[in-house]
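Next come two complexes built around chain A: one with chain B, the other with chain C.
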Partner chain A sequence: MTMSLFLTALGLFAAFALLVTIPALLRPSKQSAHLANLLGLVGTLSGSLTGLCALFLTPVASQASFQAPFGLPFGSFTLVLDGLSRLFLFPVFGLGLFCAIQGFLSLRHERPSQHNLGSHWLFYLLLLLGLGLVLSARDIVLFLVAWEIMSLAPFFLIDFNDGDSRVRDASWVYLVAAHLGAVALLAFFVLFWQLTGATAWQAVQKLTLSESSRSLLFLLALLGFGAKAGLAPMHIWLPEAHPAAPSHVSALLSGAMINAGLYGIIRTVSLLTCNGRPPEWWGWLILAAGLCTALMGILKALAQSNVKRLLAYSSVENMGIMTMGLGCALIGQSLGNGWMAIAGLCACLMHMLNHACFKGLLFLAAGEVLHATGTVNMAQLGGLAKKMPFLAACFAVGCAAIACLPPFNGFAGELVLALALLDGSSLAATEHQLLLLLSFAALCAISGLALALYAKAYGLVFLGQPRSGFAENVPQKSWQHFWPISVLALGCLLMGLLAAFVFSLTCESVSSLWPLQTLTGYAKAKASLLDSLTKAGAIFVFLLAATLAVYGLRKRVLHKRGIRFMPTWACGYQGGNARIQYTDASFSEPLARILGPLMGQNVSQSQDKAIFPQSGQLLVKAPDRLRRKVYGPLFSGIETLCNALKIFQHGKIHLYILYILVTVVGLLIWGLV
Partner chain B sequence: MLLNICLYLLVLSNFLLLGTSRVAQMTKYTALQGFLLAALLFDFGHSVLTVAVLVIKGLVLPGLLWHTLAKMPKDSLICPHRLVALDVIAGMAGLAFAIWLDARLGSDLTFNLFPKLFLPLGLTTLFCGLILIIGRVKAITQVIGYLAAENGIFLLGMPLMTQGTTWFELALLLDVFVAVFVMGIAINRISDSFASMDVDRFRSLRD
Partner chain C sequence: MIGIYLLNLLLALLLAPLLLGIINRVKAWIAGRHGKPLLQTYYDLAKLCQKSEVISPTCGLFFRLAPALQLTVAVAALALLPLGGQASPLRFTGDFLLAAYLLGLGRFALILAALDTGSSFEGMGASREATFSALAEPIFFLAISVLTSLHLDLGQTQDQAFSLSLLFGGQSAGAWLSGKYELLLLPVVFFLLLLVENCRIPVDDPTTHLELTMIHEVMILDHSGPNLALILYAQALKLWFFASLVAGLLVPDLGLASSLLWIAVIFLVACAIGLVEASMARLPLKRVTTFLGGAGAMAALVLIFSQMR
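Here is the complex of A and B:
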């Protein structure tokens, strides 16, 4: 039942992807664009809803499998839905649904001569199909095919506004990064095939691999999947691709696609460790990678002035937090600490679900801001809360959730992670205790910086006075335009209040996958965490109810009194204008004084040196140094090397024949000597 | 007796081909090679093929080349001298290599399949053809080189021929004929369109 519904969902994606090619091939007109938009929406809606039914109808830990003839001489078409797959499929179908609706609403007004909506929806549907296959494939050949579909589709989605050279550049950066990761994955799968002699994922369980080959497989998987997940230093495609892509695509990429990288790491590690405990250094390596990624992501995000770029770096940070959870779980498993293992793993998965929800919300809201004002540069925005109060409220919910403020969902995930790291004090070795407590401190710092970051994002975009004409002349929009966003905002709140349910969901989903039950303290940890989260949820419900009650009382009391609205600081200085407000640079300036080198901020200042200065200029930029200083020289070096080979490719045909002759003679001599 | 004389003459013709810088002279040597091949075939007793080779390799192909030459500007028919000496040295290296190869390949293959000196000679002719293609820069010398290389291959195939393979060999001859025909037309076209016939300059056509 589950499997047939899931297959129907995938089939619907594929069928509508085929259907939508018809308007894509037609001559661009208003009708064909409308048809493509409609077909894309219907395809995504029907597929995603069927998929969600498949996920919700049966318990999360149950397993369903499907096998079909593949038609290739190797590999098989094997799909299995188990707890982990289901958990990662929730964001795919859920976010796919809302992003499609929001995309439909915003793409309605695109000019058919400028964009081919048919091809856009084709690749959107292919991305969903690829994601569905990646998360359920249990054969390495099928997995690689699906991975390639999933990796190629975003290239065309990011390239939507292909008239802009920066967008084209971003999509190429994405493509190169995706395929550099794919190279590591290919090596991983070839090694896998060589070691196990089979193409089924499960084949590795039956073997006892040597320590070194297990570690090599682990490292290759970490590289290959880490590039997709955006682990530092392989994250450089995220801050390029997300600002360039249409917002509903950014939301889907950030909320669902990069999770596929995390899924790959978890799946590989779970398979490699099912026959015994993982080496301890795996956990420390993943924890360190996650920590560095999270710190780097949040610091770079703080230095950004483009909202979507800021959100992209924030995705890097959140992926780092999830990876920290996984690292903590592995350390717990290798040291036999049940609490750390279960709490770390659940924190990782809970944060994955939460992140999909609030990052989807934030990207879609940023897209609406872009749609209304024409820019996402914070230096030109401001005061939008008065024009679009509903959108502002939704964005505020997203910001509060991602900054880990209770009672929203981000808080629950990071609370569990913090509890996992705090239990490091129960470990035997002092250096382990110290390292985990330091990680805890770093997590606190990251959360604090996230709060600062989103205070900046929300404050600069929605509060204060409009900083430019862009933000001033905003058309009024009713809540009907934003309802998919509001559903996601509601999701953030509900997942926060029902954190205990989400926790037990993640706990059940991994129970079949990972032999954690044998660890000491597992049952106690599970019960105790569940208890804490239930109590926290109850307190939040009470506080929320109390707040609503006070708000209602206030409204009732003020009902008959006249309320006057005055400008801010009306009682004080009256000469205020938009230019004296905080800018994005001034917001991050105090932090940049301490962490400037880490944030990579460039400050250039030019002042009039005259006695009565006329004008001055201050420029604050935060380009990605990794791209300019590491990847740029690396790739241009490779290019120079390849160009050097052109001395052999000179276009003189008779010399080409000489090469052939020399080769043949050489081979003859080699064969006969 | 006839066999050995023909083989010696063939080696000579190869080095004459490599040693001359005049394209008109080279065309005559090509015709000579055609006659020698026909004589060899006659010695082996393939009467049909003898006539065919005599007509195609001895008369028609050199005639075609001659026809092409007549249409081309006279100053474009002389190769640079320094290359000629280099080509002859390379041809000698080819001959030495072919003899070494013959010795290495062992007696079984050589004695059962090829008459004495047949294998090194075929290989030398093949190498000389390739050296002509590589070393000379005129388009028409490339065609001559191609013909010489084909003669080498033909020589290597000759001892393997039985009565049944006559049609096969005839088909090959037709192939060569068509190839040279097409090349002749191409060269005519090139000389019409471009000022130079040097293959070196063809690279300006690449993208």
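Here is the complex of A and C:
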């Protein structure tokens, strides 16, 4: 039942992907664009809804499998839905649905001569299909094929506005990063195949691998999947690709696709450790990678002025937090601490679900800001809450949720992860205790910085007065334009209030996968975390009610007395205008003073030196230093090398034949000797 | 037991504005002035509540909603503490995180309210508040983690040890009384955090007259009437919250007597704030980082000392 619904969903994606090729091949006209838009929407809606039915109708821990009667070359077409796959499929189908609706609403106004909507929806559907296959494939050949579909489709989706050279550049960066990751994955799977002699994932369970080959497999998987997940220093494609892509695509990529990297890491680790505990350093490595990624992500995000780039760096940060949870779980497992293991793992997965919800919301909302104003540069925005109050409210919910503030869902994941790390002090070795407690403090620092970041993002975009004409001449927009976003906002609130339910969902989904139940402290961790989240949810309800009551009381009291309206107090200065407001660079200036070198901020100032200065300019930028200082020189070095090798590649056929002759003769001689 | 707890909570809600009066009185006494009446904050609150409001047309919902939220989160955070040494009826595993993040929610709302006015001064205050509280966050949790690991070492289970009601409920005081003197640095850390989070001298000067040097006061320049009363009261409650953290570490578990001792310690903390304010000048903004770094180093030192044992 589950499997047939799931297969129907994948089939619907594939069928509609074929169908939208018809309008894609037609001559661009209003009708063909409309047809493509409609077909894409219907395909995604039907497929995603069927997929969601498949996920919701049976308990999350139940397992369903399917094997096609036909095979692939070298492999078999095996799909299995278990708890972990299901959990990662929730964002794929859920976000796929809402992003498609929001995309449909915004793509209606595109000119058919500029964009081929048919091919856009084709790759959108292919991305969903690829994600569905990646998350359920249990055969390494099928997995690699699906991975490749999933990695290639975003290239075409990011390249939507291909008239802009920066967009083309961004999509190339994405493609290169995706395939460098795929190289590590290819090596991983070849080694896997060589060691197990089979292409089924489960084959590894029957073997007892040597320590070194297990660790080699682990490192290759961490590299390959980490590049997709955006772990530092392989994150550089995220801040390029997300601002360039259309917003509904960024939302899907950030909320669902980069999770596939995390899924890969979790799946590999769970397979490699099913016959015994993982070596301790695996956990420490993952924890350190997550911590570095999260710290780097939040600091870079603080320095950005482009909202979508800010959100992209924040995705890097959140991926880092999830990875920290996984690392903590592995440390707990290898040292026999059940509390850390289950809390860390659940925190990782809860944060994955939560992140999909609020990051999808924020990207979609940023896209609507872009549509309404034509820019996402914070220095030019402001005051949008008056023009689009509904969108502003949704964005505020997203900001509070991602800054881990109660009563929204981000807090629940943070609570579980913090308690997992905090239990580090019950480990035996002092250095382990100190490391885990310090990473707990670092986690809290990250969420403190996230509060500053999102207060800035919301405050500068939606509050105050418009900073430029972009934000001033915005038409009033009602809720009809934004309702998919509001569903996600509601999701953020509900997942916060019902966090206990989400926790038990994640707990059940991994219970069959990972042998954690035998560890000491497992049962107690599960019970007391469940209890905490239930109580916190109850407190949230009272808190919301009390706040509304106080607000209502104040309103009633003031209703009788009447409110006077006067301009904002500017400390006696009368000539204030919108330009004296704080900007993004000035808002993060105190932090940049302290953490400037870490944030990588470049400040260039030019001033008129005359006695009565006329004009001046201040530029604050934060380019990605890794891209500039490491990857840039590396790739230009490779280019120089390749150019040098061009003396062999000159297009003269007779010389090419000579190469062949020389090779053949050489081989012959080698064979004789 | 719940009755005693509720009595303590009621006392906290009633007496919190008195702390501001005590601070002012101590400052005035040292400066040789007579000073404001001890109950001045109550008069202010009563007067503000009877007034109407003046609001800028630039302001939207956040400006109107933030003070109400500020008040409810302060009350909720306070209700999670073991006031007077009595375990809170709301306690649960990990409630310290909720208390801190509730205060964070209030701060978030107040920052947005400041940005809502579109004033450069309020933007400046918002930016400074966001920065310094973000830097104070890890120090607070580092200090908390010292306490949790102490109680895990003392044989408490995780679900007990990760709760404010145990950490600040008198057992921690028992630990330093039994010879773990390094723990006495923690009340100092929490006192320093109190100065940062409540915007007192040497981090911020609540009575300064120059907007450019303010942090907290400049954020609420545009608030008036009942909204300003809500903010003022919430601020007093927040001060009570942080003073309670100090009290919770210093007062051992003595049953009913500890409730009285708590309040005495909280008033002593207010006197200490007054002494600090009277004897120090406000630090330049650049030096606040050093101040925070000092508090962080102290917390890290206690952590290392207590883990090495």
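Please note the rule applied: the second predicted complex is superposed on the first by the 621 of 673 C-alpha atoms of A that agree within 3 Å, B and C clash if a C-alpha of one lies under 4 Å from a C-alpha of the other, contacts with A are read in each partner's own complex, and residues count from 1 in each chain.
What we mean here is this: contacts are C-beta pairs under 8 Å (C-beta built on N, C-alpha and C of every residue); 3 or more make two chains touch, one makes a residue touch a chain.
Keep in mind it's a predicted model, so treat the numbers as computed, not measured.
Of the two partner chains placed by the overlay, only chain C lies in contact with A:529; chain B stays clear of it. When the two complexes are overlaid on their common chain A, residue A:508 makes contact with neither chain B nor chain C. Of the two partner chains, chain B is the only one touched by A:665; chain C is not.
In the overlay built on the shared chain, the residue A:459 is in contact with chain C alone; chain B does not reach it. Once the two complexes are overlaid on the shared chain, A:162 sits clear of chain B and of chain C alike.
Between chain B and chain C, C contacts the larger number of chain A residues. In the superposition on chain A, A:148 makes contact with neither chain B nor chain C. No residue of chain A contacts both chain B in one complex and chain C in the other. Against chain A, in their complex, chain C makes its touches with residues 51-62, 64-65, 67-69, 71-73, 75-76, 90, 92-95, 97-98, 101-102, 104-105, 107-108, 111-112, 114-124, 126-128, 130-142, 145, 148-149, 152-153, 157-159, 162, 211, 221-222, 225-227, 230, 285-286, 289, 303-304, 307-308. Here chain A touches chain B in the complex through residues 650-655, 657-658, 661, 665, 668, 672-673, going by the rule given at the top. Per the touch definition, chain A reaches chain C in the complex via residues 339, 382-383, 385-386, 389, 392-393, 396, 400, 403-406, 411, 414-415, 418-419, 422-423, 425-426, 430, 433-434, 437-438, 440-442, 444-445, 447-449, 451-452, 454-456, 458-460, 463-465, 521, 524-525, 528-529, 531-532, 535-536, 539, 542-543, 546-547, 550-551, 554-555, 557-558, 561-571, 576, 578, 580-582, 586-591, 593-594. Note for the complex: chain B touches chain A at residues 97, 101, 104-105, 127, 130, 133-137, 142, 199-200, 202-204, 206.
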